[in-house]
Structures are given as C-alpha cells and as structure tokens.
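Scrolling down, you'll hit the structures one after another.
The same subunit A turns up in both complexes below, where it pairs with subunit B and then with subunit C.
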Partner chain A sequence: MTANRPLPLDFQHVSKTFSIEKRTVEALKQLSLTIEENSVTALVGPDGAGKTTLLRLAAGLYLPNTGQIRIFGYDTRQYSDQIHVMIGYMPQRFGLYEDLTVAENLNLYADLHHVSMADRQYRFDDLMVMTGLSAFTDRLAGKLSGGMKQKLGLACTLLSEPRLLLLDEPSVGVDPVSRRELWRIIQHQVKQKGTTVLLSTAYMDEAERCDKVVLVDDGEILAQDTPEHFKAHLSGHCFRLQHTRLTHRQLQSRLHAFEDIIDSIIQGESVRVVCRQTKLPDFPADIAEHLKISPAEAGLEDAFISLLRRRHPTTPQPPLQLNHINSKNHALDVIRVEQVDRWFGQFQAVKKLNFSVKRGEIFGLLGANGAGKTTTFRMLCGLLPVSNGQLSVAGVDLRTAAAKARAKIGYMSQKFSLYANLSVQQNLDFFSSAYGLKNQRRKQRIQWAVEQFDLKKDLNSNSGDLPLGYKQRLAMACALMHEPEILFLDEPTSGVDPLARREFWARTNQLAANGVTVLVTTHFMEEAEYCDRLVIMVQGEVLMTGSPAEIKQQAITAECPEPTMEQAFIHLVEKNQS
Partner chain B sequence: MKISRMRLKGLVLKEFLQIWRDPSSLAIAFVLPVFLLLLFGYGVSLDAKHVPIGWVIEKTTPTSSSFMAAFGHSEYFENHQYSNMAEAERAMQYRKINAIIHLRSDFNRQVFKQNSPAIQVIVDGIDANTARLVSGYIQGTWFEWLNHLAIIKGIPLSQTVGIQQRIWYNSQVLSKNFLVPGLIAVIMTLIGALLTAMVMAREWERGTLEAMIATPVNLIEVLLGKLIPYFILGMGGMLLSIGMAVFLFEVPLRGSLWLLLLCGVLFLLVALGMGLLISIVAKNQFVAGQIAIIVTFLPAFILSGFIFDIGSMPEVVQGFTFLIAARYFVAILQTLFLSGDV
Partner chain C sequence: MLFALIIKEFLAILRDPKSRFVLIGPPIIQLFVFGYGATYDLNHVPIAIYDEANSVESRRLIARFDASPAFSREITLTHQQQIAEVLDNKDVLAVIHIHPQFDRDLARGKTANIQIIIDGRDSNTALIALNYMQTILAKYNLAMAQRHHTPLPAARLQIRAWFNPNLNSQWFIVTGIIGLLTLVVTVLVTALSVAREREQGTFDQLLVTPLTPFQILVGKAVPGLVVGLLEASFIIFMAVFWFNIPFVGHLSALYLGIFLFVFSVIGIGLMISSICVTQQQGLLGAFLFIVPAVILSGFATPIANMPPLVQDLTLINPLRYFLIIVRGVFLEGLPAEVLFNQYWPLAIIGLLTLSLAAWLFRHRMY
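On to the complex of A and B.
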C-alpha cells in the first residue's frame, strides 16, 4: 500500500455534541481514528458510548462540531455526494421498507444508487444466491424473519458495490445460524471486492473475527488493537474454579470479596475468574482446600471488562437482602409444562412443549426470534391461554386460577415496561400499588428496592432518561416488589452492555440462591452458560433439554473438540434440518 | 444539485407501492373522502324540513282551518293539533314539536278587522339555527297566507307588505349545494397535509430515512419523491369529489372546470407543504397525525366557512381565519360551483 493513497476513513480530533432538552451531551470527544484499506474493524463498547454517532458521522449523516472526517480523502463537510457514492451504510434496523417485497426493496436501492439496468440483473442474482433469498423475492420484507431481513438489508447496501461498508449492530436480535451466514457474506466482500468494513457489535465472538477492534467508551477510544493483542494482555490471568463443598453460586458470591479478582462469571458448573495478576489470590483454607483449579483461555470480553472496570471503578455490589422463599408446598417442580400447543389461526407457534423447572433453578429458553419463546412465556404468565395441554405454575393450574398464579410471579419484559415519563419513585409507587401492597409493607418494599438496587440518587429523574442498565435495574426492582416465588425474564439483557449484564446476572444468581425460581429467555448464547438447565427451541419445537454441559456434549466432533454454546446451538439446528 | 430521473422514478414508485399496500393510507386517501362526501351529501342537512308544529286553536273557524292548511301544504311543516296550551307546552318539553302556533278565539276578528293582525308563535330555541329557520318560515307562510286571503276576499290589507322572495345561486336553498363543494377543501387537506405528514414520520420511525439519506440521493429528490405521489393522490381525491358532487349529488358546476382545477393545484401545494413542515417537528406518526389534525384539518373544517359562516364569528376569530388557506379555497369552490366565473 502506498503512502499517498487516501485512507478509507480518517477521523481527526472529531467532537460531536447534541442538545437534548437543554442538556448538552458530548457524544464524541476529540476522537481520532484511521482505518486501513481492505480491513474489517469492529467498534465495541458500552451502550451509549458513541458507536452509532461515529458511524453516522462517517456516513455523512451528521457533521462534526469540530475536527475533520475524511472518507477516501473527501471531507464529509464538502463532498457528501462523492462520499455517498462510495459507501454503503446499514442502520440498526436495516432501513428496509417493510411493505415492499424483497425485489422491490432491491430495485429501490438500485435506483437510488444508480445501478444501470445491465448491471442490475447479474448483481441481483449474485446477491440473492449469496443471501439465500432467491426463493423469497416476492415476499414482503416485513414478513421475513429477523435473519432474512438483516441479509436483505445487507444485500441492499452491497448493491452499489461500496468501497467502504458501515454496519451499525448488524446482528442484534438475529439467530446464530443467520449470523454465521452474514459473516460469510462480509468476508466474501472483503476478499473478492477489496471492501473495507467498519461495524459496531455487542458480540465478542464477532469482534474476534475482525482485523482490528476499537473499544469506545464515553465518546473516547479506550483502546484499539488486534483481537490477539487484546487477549495476549490477559493470558494467564484467567482460571476456571470448582469447589467440592460449595455450589458454583455460593463460590461466586464468596469470590466477590477478593480485590484481586476483577471479574467472575458462572460457566456451567464452574466459576470463571479473571485476576489482576497471573495467579489466584490467597484464599482462606475453607475455600482453598476443596478447590479445583484449571487455567482458562482469555477472551476478548475479559479484556474489555478489565479495561472498563479500571475506568469505572464500581464499588462491589452488596449481596441482595432477600427473605428466603420457604413455600408450604415442597413440590419439586415449580413449573410443569406438559404437551402444550399454541395456535394463532393457522399458525402453530408452539408444538408439543414439555419441560419442568425445579425450585431455585435458573432455567433458560434459547432460540432465535420466532422460535416461540415469547409465546411460551406469555402462556406461563397466564397472559395467553394454551390451545392444548397442561400448564401449572407454583402448583396452580393456569387454566383455572390464573390470577392466583400471577400473584406468585414477577415478570420483566423485553422492553422494560416502565412508564418512561414517570420518575423512578413514581414507578416504584405505581408498581407496588399494582401488586396490592399496602401501608407499612408497601413502604418497606419500596425502601428495600431503593437500597438493594442503588436507586437513591436517581429517585426523581424520569425513568425514560436513565441509561439502559439503570432501567433494567429499576424494572427488576419493580418485578420483585411483591416477593414473587418465580421470576420471568424476557430477553432481559438485549442491548445492555457487558458491565450491566454482569451486574444483572450477579443479582439473578443471588435470587436463585435464595430459592427464587428464574425463567429467562435469551439469544445471547454465552448467557446460556449461566443457566442450570435450558431448552433449545426452534420453530415452536424443543430440540433439546439439558444442562449447558450436556448440550455442548452432543456437539463434540473431531474438528470441534471443545464447542462453545453457539457452536452447539448451530450443530443442533443443522442436525435437526438434515 | 442534479436531479436523477432514475432515483426519482424509484422513489415515486416506492411511494405508490407503499400507499397501495398500507390500508391506513388507502383509507385516508379514498375511503375517508367518500365517507365524508356521503355523510355530508346525504346525512347532514342544515335545511329545516317537515318541522313538527303544534297548533292550539281556541275557536275553529273556516279562516283558522285555511290558515292551518297553508302550513299543511308546505313541505317544511308537519301539523299536530292540541286542545290547550298546557298540552302543547308538554309536547314541546318532550321535543315532539319545534314550535307552537296559538290562535286565540278572536283570530277571525283580528284578521278581518285589525290593521296589523297578530298571532302567538312560540319557538323551541335550543338549537338556535333551526329556531331561526323555523321562525322565518312561519313568518313567511303567515304573510303569504294573508296576501292570499286579501286577494281572494278583496279585503284591503294596507299595512302588510307583500314579499316576493328570489334566492340566487342556490335557488332551492339546499345545504348540500354549498357543503359538498366546501368538502373538497377538507378532503384535500386530509390527503395533502395529514397523509404526507404521517408517511414522512413513518420513514423516521422505521429508520428508512436514515438508510436513504446515506445513499447518493439528494434533498430535492427526497422532497419530490414525496410531493409527486401525494400530489397525484390529492388531485385524484379532488376529481373524485368533483365527480361525486356533480353526478351523484347534482350540485351545479357553473364556473370553469379548468379554473377550479388550477385553484385546486395551488391549494394542494400549500397543503403538501404544510404536511412536510409538520414532519420536520414530529418524528413519530402519532404526534404527526395529532399536529396535522389540529393545525390543518380542524381549521379547514371549522374556520374556513365550510359549515360555519365566517361573518357571524367573533372578530378575533374572523381575523384568525385569514391565516387559514382553506378559507380562500372554500370561498373559491363555492363561488365556482354555484355562481360561476366572477
């Protein structure tokens, strides 16, 4: 590469501020970044770090307040027309017209990019084959699955054969199989067409596939390097611990006390820790004696967590004060689902579902969008009647006593159903009264929520203005207001950054340790590791039920001796299809 | 900025496909106008017809019967007779009748002897508009009957002045003749402003505008891509309304059709401009719809002179109506339809 060839992307001291209701928000602060031609760069970082702003600036949708942005040598301030010809930009929701068909969407973008009629046909064919959408050209974009929408969005962006591809969270809410295909397409573009790619992502395994990873936090670049270098910093710092006397949850809560342990997460039956040094801290005898230690490989997420923790030193969370659940009926299965079907007109959303959940278990429902997870959840909460089959929650048949069962259930939905224009205090007041708490008990519970979830300083701010992690905290506090025996969490961590996710799972673990049964849906495969047992659902059917270890076990093959949860999932889905 | 025909064609085609597939925009563009036209053409009538009138006649004479028959023959009234005032008043309280005509026992003498004979008329004034109409009709019929009587009997009625009514422009005094043309302004506001504001807000809401702006498309193309389809749709709405007005409701079109269309084009451009302006402020469909209804649709309905006479509004409100584009268009429409090119 010659020195005088202009870089695909060159940010020099770029600042961007927004004013939102009289407040000025600094989205980017004096940020400088360059990208080499024909490379793939990932932007990672917490929610609200400025990743989307950065991409929009690069696409020329925003102009910087100060500093200079050049795309292939063209300044975005003056040459937006030239730049738009060279780039392809896919926003977070893919920018598709849902009421147009696949072919109509492609034609529209071909018109907008001035693709000549002669070029159009073979490029369409090419892209349709590559994305596997050939059979669906007449289907409305709105009727496609999440993964297909995302591939169509990408196809529309690739029509003009852009030299720089900007993708904003291209794989949020997309199942693992589609994600893998998306990466195949991106890599094909890079190799065959020499495209340069800049994308933002919340998935570490995606960042790991890139040539360079840029960690953005609070409008600044915290670090940028190759994935290998990031991980190399932490090699030898990671261990997997198991204790013969303590459960993995008890062990994890004991480990919080050690300052040298930067991070600890549950992984299957063991606890995975990242240490400040290349050795474990000195444990007291009762821990040390029964400890099984094995070294673990450092991951990209470990590197980011430790970098972010260094920047935002958080006081270790106090363990949740909970009343231990001691229910009179000691039936082992708190939730029992037998042969449950659910039809929506001609469409069967859930087929012959069977599973049961024990008290104090964290039970996961894994699957792509449209697999029937949310439908199952809504049936379990008594929001939706079953078409066929038996369903009992906390020993109550939902068909006969839905209200009675609901009193024992706490529910936190995907979108955190809070009232955005009520303050934190008002939300707490409302939910406590909605659960029928009165007088002294109500006061106590609200105080408990404020203390346990560290909400004191935000009591009077509108809950809509809180960062996502805080919203999630508040939503969980509201769901726990009436001390439910069972907690339903529907995609609780989607879009939430790794730090807030850690905090969330620490709380969930404490709840489970105190006898609360937790049912959780997620499409983050690594989160499946935090569950005791899980079911994998595909198109309304259960493919497998078991512990994370068991599910990974089935996917062991010669070329993949140690499969990740994601690989195990893909393996199962593919086995099912063949 | 150079306009590319290919990009513009793509945008316009896209917009039409979206209109065709989206039931809500089809409803605003086609169903609502037809519904409004039918409602105002058939349902809403500001004319008083078959108004029930209560009669209390203290002494029946041939004269009183002839007077009552004069009302019975008119299509505006329906006669109900009561034996005394108390009964008639009760009927009025139950809203069975809109007015009471009370003929005292000296009615005969009054008519023949007095210079200015009088009868007692009590009108239910709750609905001021109807009350005004009814009292006017009764008075008219009364004078007419007196005239008639004078001619037949050769009695000089020195004090009464004969009125010969001539109503111009809308000789049958049919309210649909001025409601239906005025409605065209409302319908075009609906398509031009409400629909445009909402579809633009939808592009914001769904993030499609973001993807579109990142393509080589330029501002003028985006604007034209929205204006052209809704302009065509708005003109379609206008032609539909004119067609329904002339052929279904038989409203006379006395002025030039071309002049009417030209004025329609001007008004539609104003409405489209307002719609696009609203979409700058409102980036979700709900807010855009609310704003469009409050600042464009309701004024076009209430302050344009479409139903409510501007002349009888308080002066402040009258001054305000000068800001409403629909006011001028309604006046143009009513003039062109009913009185011709002036």
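On to the complex of A and C.
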C-alpha cells in the first residue's frame, strides 16, 4: 500500500437515511469501506441492502447524513466538481437517448464531459472497436439490443477516461455473450489505463472475477474478502447427493429436516448440499443406504448464503400442501407448441417454435432479452394470438377456449402485477373470487396462502410497499390460490436476491413433485439446472432442447470438460453463429 | 366474481389518495369558480364620461349610468384627445360623450345626440354593454317625457323572459356545469382504469383469470356509474340550495337522463382506456375528447350558430343531449316523454362504445 497516494474511495462511518412517506429508511448504517487503486471490487448482497445508495454516494449524487466520503482524497461534500472529473458512474438504466444514433450519443456525452475534439476521434474508434459497435454507429440507440445498449452506456461512461469507475449492476438482463464482452472491456480498462472499478452485481461468477468482494446486507458490510478466501471457508462443506430410490426432488424435501444442512439445491439429477460441518449429518437408514455421495467444490454463492442465513434465520417452510390435482385429461403432453410463428409487423419475434411439456415437469424457457421468451409465454397464456401454427395448453388454446378453461392455469408475470394500492388481504380476497372460489373453500385457500407464504404480519399493508421478496411471495400465493394444474412463471426471479430465489425454487420444486406442470422463463443460466427439461431460444428460434445434462453434454470441449450451464450456452450460441 | 371485481375497482379508486382527491377537490373548486366566474352578465364595466355640456340634464343622465351596477365610471375626461388614449389602453370599455349643445337641444325640443365610443375588440361584450346602455337611455327618455309631459313613444317593447325572468345567466351556466363536471369526472375515472392496469401489468393478470371480458367491463363500468351519479347529485344539490336555481321539473326525468348520460360517457371513457397502454395516454385521450365535447355541446355557444357540418358532428356528442335534458328539466320542467328524443341517442352511444371497449380488451395489439 502506498502511504502517500490518497485512496480512490474512502468511506468513514457513513450513514444515509431516506424518508419515504412518513417512514424513515436507513439505507446505510455507519459503513466504512476503502478501495485500493487499480483494483476491481464487487458489491453483492440482497435486494435493498444499500448497494445502489453506496454507489450513488460515491458518485457524489447523494451526500451522507453523517460520516465522510473521500474520493482520491477529495471530500464529496466540498469538492464535487473535482470529483466529477475523476469518476464515471453508470446507473442501472443508463440514460441513452433512444432517438439519437450511437455516434450522436457518444458525441453528446463527449460534449457533456468536455472531451476535446482532438481526443475524441481516437477515443471513439478505440471504444467502438472494444465494444464491437463499429458497424452500428448510425443505428438509433433505441434499436439496439439490451446487451448492445449496455455496452454503449459503458462506452459513454468511459469517454472521459475516469480514474474511478462506478457501475450499478452493469449486466442485469444482458445475455451471457454480451456479458462476457462487458467484462473484457472492464478488464481492459483496469489493465491498460489503471482504472479502479467498484461495481454491484447479482451474478456470482462476476463477483468471482473481482479482486475483492464486499457482502452488504441491511446497510452494513457483512464481510469483505477475496473470492478465494470466501470459498476457502467452506471447502469440504459441499457435497453432491444422489439417491437410487428417491427422485432428486423427494430427496431435497427430505433434506430440509436436517439442521446441519445449510442449503440444498437441485443440480441436474442430483442435490447439492452445503453442510455446517465438513461432514454430512447422520441420515436415517432409508436415506443413507441408497445414497451416492461425491464432494463438490464450494462456490462464492454458498459462502454468501451461509453468511446471510446466519443473519436471517428462516423459519423452515411448512411443506406445500396441495389437494391433489385431478384432471380428466391424462394426456402426457400438457403443453404442446407446434410450428408457431409470431410476427410484429415486419419483425418476426418467434420462428417455427416446437416443443412440448409433460405433466409434472419443470420446463424452462431460456434465452437473452429479446429472444422471444415472453412472446411465447404470452401466446401460451392466451394473451396474444399466434400468427401461424398451433398450440394447446391442457388440451385447449386459451385464446379461443371458454373463460373457464383459464381456471386451470396460474400466472405470475415478470414484473409485480398485483394491485399495489390494495392491501395484501384485499389482493388475496380479490384473486380468490376472480378464480371463482366461494364460501368455505375460499376461506380455506386464503388461510392456506397466508400460512404458507408467511403473510400474516403484512395483511393490512399495501402490497406495493412490501419488500420485493414478499411481493413475489404474494404473487405466487395469488397464482396458486385456485390450485392450478399448470403454472406459468415469467422471469419470476429477476431482481430477487439469492435467498429469496432459493425459497422460490424450493416451492416450485414441491409443486412439481405434487404433479403441477411448471413453465418458467429465466435469463439466469444457473437456474436452468432446476428444470427437468428446457429450451434455449436465440432470436426467436430454438437453439437446443433437452435436459440440463444433455445440453451441457453438447458443449463439452477439450479445454472445458465440465461446462457450467452458462458456458454451455455461450458455446452453443457461438457454434450457431459460426 | 363480479361483486369482487366491483369492490376491487372501488378500492383501487378510493385507496389512492391522489385519485380520491381528483374526485372531490377539482369538482368543488370548478363548481364555484365557474358558477360565479362564468357569466354573460356585465358587472362593473369600466366606462369613461366626457361631459362637455356639464348641465342639469347631462348630470341627470350620467347619474343613471353611475347608479347602474353594470357600469362603473373609472375616469372623467376633460379633453377630446383623451378618448383614444383610454380606449387604446383598455382602461375603459366605452366612452360616453355628451355634446355641449345637449341641454340646448333638449330645451328646443330637438333630439339631442349622445355619442358612445365602444371598444369592439371583444365583440360579444361590446354588444351586451351597448344593449345595457340603450336600456338606460330608454328609461331616461321615458322619465324625461313624463317630467316634461311630452308625448310618450308610440310603441314600446315589453319584454318577458320565460323560464329565467331576470335573464340571470348563472341559471344557464350552473345547469350546464352539472353536465360538464359529470362528464369530466366520469371520463377521467374510466379512461384511467384500464390504462392504469395495463401500465402496471395487472390487466394481463386479470385476463388470465376465468373472468370474461363482459364481466371485466361491468366491473369497470359500475364504479364509473356510481361516481358519475354521486357527482351529478352533489352538483344538483348545490345548484338548488347554494345557487338558488329553481328546479321546476321532475327528478325522475332528470335522473333517467343522468343515468343514460353517465352510461354513454363510461362507454367512451372505457373505449379510450382500452386503446391506451399508459395512464399518460389515457389522460391525453380523455382531454382530446373532453375539450371538443364541451365546446360542441351548446354549453357556451349555441349549436344553432354552428356551420351545418359541425352541427351534424355534435350528434355524436353525449353532452349535447344531456344539456338539453338538464336545462329542460331544471328550468322548463319538461317531462320525460318530451325528452325521449334526447334519451335514446345516449343509450345508443353507450351501447356502441361499451361493446367496442369490450372487444378492444382482448384484441388490442401493441
């Protein structure tokens, strides 16, 4: 550590509170943090932990209530002008002007940052090559894909060659290929220009590439260390289990009972567990006898989950009770999509799509933003007609079938789509009636939802004021109120922190074990592991169908003998393009 | 199911403090501002007097102007040149110029001339002011004739205004406001309802439930109907008990009209709402409808004065029919049978727009 050079970022006992309609929210509590020059630091933590507040404070957009923030030795309270020259801040939604072309956007930001004309051309060329946008300089920013927009945003931020780069979830909603390119640009800046980077991320593989990881929770720093140290704490604690008699789902639900198991997730055909000790707990004979155990490598996410679990002990969920789903239609394929096309004017969003989903399956629809997942999803729910082809859900096309047929499906959309103005109780009341539940049964189901999803204490709060995790619980409760045979989930976990995601998937797995068919879209590649089968969509077409193991099988190469889902995805997309 | 939907719609409107305010605040404010502010009656119109005669008779005449509540003497002029100045600066609306020979002419039994120079830029106000002035002069002439025992004019107009004996324009305006405010509030409540749900994504959630578009439509229409009826009732109450406007007809004829009017306006509101994707578009759509609907309704300017093509256009405007109903029942006491030709177009407009709205629920592309 160089003693004389001021640190790029130095937070000393920083507190920040906001007041939102009479309530005071403490976003940061006496937080202290320093960052070394020319390093990459990742901020991770649950939703609402204070990551964005921290970044905005560092950028000088907020001032702290108490404490001191210094950027390269300059206090943000006094020297905002000096600081602005040295930093580049990219918010979650970067302010690109959608009606300007790529080049015009760059010029505008160059003007705003007073980049001299002499430097401009050289930097533009440099950035355009780096971002791969050279061919698109005349395209309107609004017409770029999500990944390209994000790269353009980053390019605009880098124009002024900032010494400290602050990035707020730069890769949310960006497909894996573009994500990798974003990282290349960031790493290039660090190596070539000596830039210091502080970024927040929800992706653990990104955090793993950083020099330091800071885990923030509830406005405080829970832990900060190198990724290696984080993982080292848990090495020997992770195992992969398979049972010859029980399915992976049954095994997982049995494992919930053991206190020494901190975390368990489905991974392909097996269950991956993290234990409190370096050995598995003593299982009763019926589990132990048929168990195949292999050690697994500890990941960063395991470390965070175990740290967060210690802070937020979750009450074990009661097992999800569903009265059994009886249906006269015992055909194996519950959802069938044949040669489906969908045009929006000149643009074909979905091209000759084919797949089918069996009863009791968790079926994944994967792909980057704009791959056609949501369009497919809306067609299946009957919200959008198909242009060509046929599809059926539980034997009927919901677009044309009688309204009653819709009682068989449950729907949970991408964004929170319950009535934000209504209280939790009023939402439950309304949706139970909308699904035609009456009297005793309605009462029972509402009671069930309240207990199952632990909503009792929030019954009278406006549902819009709930934390994201609870909103998602409520949405799921409303979707399950009428015990649907088929559940449609559109990006249910986007923007939700790892803990809530675990909880969500545990529930979904239980539903599938109960015979509910689940169709889920996601852009988190690791979530593909939870699906029985999945389709990967790229630009409206099916790239690959199969079980997670089959898909990964396709991507095995000499240099990557055990690809992750994400690596497999990138491999397949690249193979497809070449 | 339907009942739950209606309850939900009411809660959605009433739980939001902003939309609650929209229902109560602006209508009350507008009622008072328009009720007192919008009037054709002239009060305290500024005038200037240039009295060159400065005699007994001229002062008698000026006293009549001073006594009239319609006019107030702002300036007394002393030079000819001042006339142009005060009119140009809009200091006064009119200048009354009495010539030096005024008394002399009168004494000789000749007709004495008085010059009135009036600012014609606002033609409507100028005409009304002129009318008032002529009335004042006519009364002066009459009094003068009686005093000097000269013969009275051969023929004289004896005006009796039916239904509004004092030609109080507040009676006309406030009854119009019943239609105007009911229109605005009902359109706003309904035009935002579907758009709000589309914007928040709840409309998809609604469409995947077993509710039929017809049920959703009824669920959306009922709160609009209740809000519209309450709004209209409140303004009628205020019109009768605050503005003291006589109500000579039957409530049943009026309420049949209100019901059909609100029904047709809900149809238009929901139709606007189903076309829009965001609340902002909904609001814009509502105003694109409200402004022409008010101007082409006969609220302020008579439909009969409009060019024939525009008159035909007013036939699809529900406010046009309702204004005839509300003024007819309020001031003339028209019974329901006479108003039949105003009722049925409202019903047709409502049915057509509501069906279109229901169709748009499911078929709108984006």
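To be clear about the criterion, the second predicted complex is superposed on the first by the 569 of 578 C-alpha atoms of A that agree within 3 Å, B and C clash if a C-alpha of one lies under 4 Å from a C-alpha of the other, contacts with A are read in each partner's own complex, and residues count from 1 in each chain.
One rule holds for everything that comes next: a residue touches a chain if its C-beta (ideal position, glycine included) is under 8 Å from a C-beta of that chain, and two chains touch if they have at least 3 such contacts.
Here the structure is a predicted model, which means the values were calculated and not measured.
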Checklist entry - When the two structures are overlaid on chain A, which partner does A:257 contact: first (subunit B), second (subunit C), both, or neither? => result neither
Checklist entry - Can A:411 be said to touch subunit B (first), subunit C (second), both, or neither? => result second
Item to check | Of all residues in subunit C, those that touch subunit A in their complex | outcome: 1, 3-5, 7-8, 11-12, 15-16, 200-202, 204-212
Item to check | Footprint of subunit B on subunit A - complex, ascending | outcome: 56, 59-61, 81, 84-85, 87-100, 104, 107-114, 140, 153, 156-157, 160, 166
Item to check | subunit A contact footprint on subunit B (complex, rising order) | outcome: 4, 6-7, 9-11, 13-14, 17-18, 21-22, 206-208, 210-218
Checklist outcome for this item: Interface with subunit C, subunit A side, in the complex: residues 378, 381-383, 398, 403-407, 409, 411, 413-422, 426, 429-431, 433-436, 462, 478, 488
